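One chain, chain A, appears in both complexes that follow, with chain B as partner in the first and chain C in the second.
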Partner chain A sequence: MNEYKILFTGTMGAGKTTAIGSVSEAAPIVTDVANTDLSLGKERTTVGLDFGLLTLASGDRIRLFGTPGQQRFDFLWKILAKSAIGLIILVDNSRSDPLADLVVYLDGFAEDLSVLPCAIGIGRLDTHPVPTLEDYIDILANRNQLVPIMSVDVRRREDVVLLIDTLLAQLEANTFGA
Partner chain B sequence: MKIKKGKLAAFFGFKSQNQEESTEQKSLPVTDKPIDFGEDIHTEQPAVIDSAIADSKATEPVAINSENLLEPSTEIEEKTVEVEEKATVADPLEVEATNTEFKMATPEPTMDYEHEEEHLIVNYSKEQLAVSEEKLEEFMRVCPGAYGVLISTVDGHELLYLVKRDIPVHKISTMNSSLLALGESIARESSQKLCQFVILENSDGRVVSLRINDILMLTCISSKDTNLGMLLSVGRNTAGDLMKILS
Partner chain C sequence: MDNTIRLPENVLAFARLELQKIADELEGIKVVVLATEDGFDIVSAVRDGSDPSRIAAMASSISAISTVVSEEANLGDSKNVIINTVSGFAVMQSIIRNDARLVLNAIANEKAVLAHVIYRTSHFANSLLTL
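So, the complex of A and B:
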């Protein structure tokens, strides 16, 4: 049995903790504390990491780690990205500039993204249709990055599973040379 | 619900892997190395400036310079004068502390993201902060090896701090909030209640973090000149006093 590590990152409030909780077989480990920053409009925020566990049909296990969303915790981004086999970036489309938010994480994980597969999930696209998925694709194209991107509701287990499946499919492609 | 690895092969047009092939499959490029929390943490030194407490907003992080305490002001002056008088007691440790030049470290000028302290929900009066400063002063006097003590929010915003060395207060506040949260989570997962301290024991010093209340935490940084028991005891007493002051 192998264990793989997948890292969830993205903006504060994008649903990293929720996404891990949606698919984790055991109660996820969270390190949320009271948020004292009124500008972020959220009662609690992750300052350490989230952790969940998922078993594949093959018996292999995936360890799901979530980063803090706020950029001042970027020291943890680098630590948590070590030994990960893939990265899932979640973006909250209801924020003021979600395209810039995405760029923050593309830049923050640039070194890891040069070698790791990635999938991007855009949340709240149903209630905030702009920017569109095409706008995100343009951002990625301008950076010469080809990354699967999809609309997700991280409260739905199947949406999170799809993101993970997308990562694994890329890994298979890389490993078996499709 | 289990995920089957080959399920999305068609989705991307990749070659599907069936069970027969799976016996010949290469392992995915995975390593399972332990996380090294000490690696690659970049600690740049902040600029050192002086600032008067009277000019500081109540919600801004405040650092104490021993000269600040003597500036003419109302209640703050009275309280700080009292501290100076206490410091003249013939206690060698206290006398040493009064001769120490405290420095203020700016909130990490090298970091390029926006500071958000003005949005913080913590909003204490100058009187509360002044009394809290006295407690930090007292901590530094009693612990001769201490060279930093910080009050910060549990999500990593520094509120008040006293440092004798150029240390990146902003980063230390942020990192220790992560550490304390992790420590509390580890305690919970280990079926242990009420994480009291998170202790970093290093070759030439110690860093101790503990909660003050639901939204504030205290970080004590010391060389080996203060023994651990002393650091924990004084740290706990200081946190208890601060809990009453900043409630």
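So, the complex of A and C:
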């Protein structure tokens, strides 16, 4: 049996807390507090970390951590990324510039991404079809980053499991990093 | 930053005055920051060039993590968190008002006396609750 740590990141409201809650076996640890930032229309926001646990069919246990989204918490990004075996970046396609959002996390985790596998999940593509997955792939290609990217609804357990499986598959095939 | 927290003017005035006094009167204080629970600085007194906005974010994270620890252990609400180091300490004091959930963070070097700082930060917290 192996134990892995996976880190979820992405903008506030992209669904990190929801994703971890969707797949965690035990009640997840949540550090959300009342949001006071009027520029972000959301009631509660993660200021510490999210934590959940998931046992895969193989018996492997995954420890799932989530970061706060806002850049003012970037000191935690580094701490939480320590000893992670992979990174999942969530993007909310309903925001004003989701492509720029993705770049914030590609840059913020650049060091980690040079040695860790990553999977990117784009949410709300059904209601907000632009930018398209191709637009994201172009951004990644321009940066020479080959990262699997998919449309997800993190409220659905199977979508989150697919993101995790995509990470683990890269680990097995050893096809990641810059 | 456009923030939903609007502390009454008398509370803000008291906080400005009192934080400055804490910074001036207590030896070893580097910075004191009153922040929202989600990590925005509202009032601060800085003596060492610290960035109040970063301190506000860190205080918010530590307070939130302390809250889940105290809940998990059935210890009731967390009142304060102290980080004691070889060259000083940081005290984070929760202040839960009806109109705002706040954290006061005081950071001091080794010249400061922990008990004095805790006394002043708790006293500040109690005053904010009655104003």
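By our rule, the second predicted complex is superposed on the first by the 174 of 178 C-alpha atoms of A that agree within 3 Å, B and C clash if a C-alpha of one lies under 4 Å from a C-alpha of the other, contacts with A are read in each partner's own complex, and residues count from 1 in each chain.
Here is the rule we use: a contact is a pair of C-beta atoms (placed from the backbone, for glycine too) under 8 Å apart; a residue touches a chain by one contact, two chains touch by 3 or more.
None of the values given here were measured: they were computed from a predicted structure.
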- [ ] Specify the outcome, clash or fit, for chain B and chain C once both structures are aligned onto chain A.
- [x] clash
Open item on the list: One more residue to check, A:Y4. First (chain B), second (chain C), both or neither?
Closed with: first
Task: Touched partner set for A:D37, first chain B, second chain C, both or neither - done: both
TODO: Examine A:R72 and indicate which partner it touches, taking first as chain B and second as chain C; both and neither are also allowed.
DONE: both
Open item on the list: I'd like to know which partner A:A26 touches here: chain B for first, chain C for second, both or neither.
Closed with: neither
TODO: Look at A:A173 in the shared chain and tell me whether it touches chain B only, chain C only, both, or neither; answer first, second, both or neither.
DONE: first
- [ ] Would you check which partner chain A:I164 touches, where first means chain B only, second means chain C only, and both and neither mean what they say?
- [x] first
TODO: Spot which of chain B and chain C makes contact with more residues of chain A, would you?
DONE: B
- [ ] Look at A:S83 in the shared chain and tell me whether it touches chain B only, chain C only, both, or neither; answer first, second, both or neither.
- [x] first
TODO: Indicate the residue numbers of chain A shared between its chain B interface and its chain C interface, in ascending order.
DONE: 29-39, 45, 47-49, 68, 72-73, 75-76
Open item on the list: List the residues on chain A that touch chain C in their complex, please.
Closed with: 29-39, 45, 47-49, 68, 70, 72-73, 75-76
Task: Residue numbers on chain C that touch chain A, as the complex places them - done: 1-5, 36-40, 53-54, 56-58, 60-62, 64-65, 67-68, 72, 101
Task: Residues of chain B touching chain A in the complex - done: 1-9, 11-15, 17, 22, 25-33, 35-37, 39-42, 111, 113, 116, 119-122, 153-157, 170-171, 174-175, 177-179, 181-182, 184-185, 189, 214-215
Task: Residues of chain A touching chain B in the complex - done: 2-5, 29-40, 45, 47-49, 54-58, 60, 62, 68, 71-73, 75-76, 78-80, 82-83, 85, 157, 161, 164-166, 168-176, 178
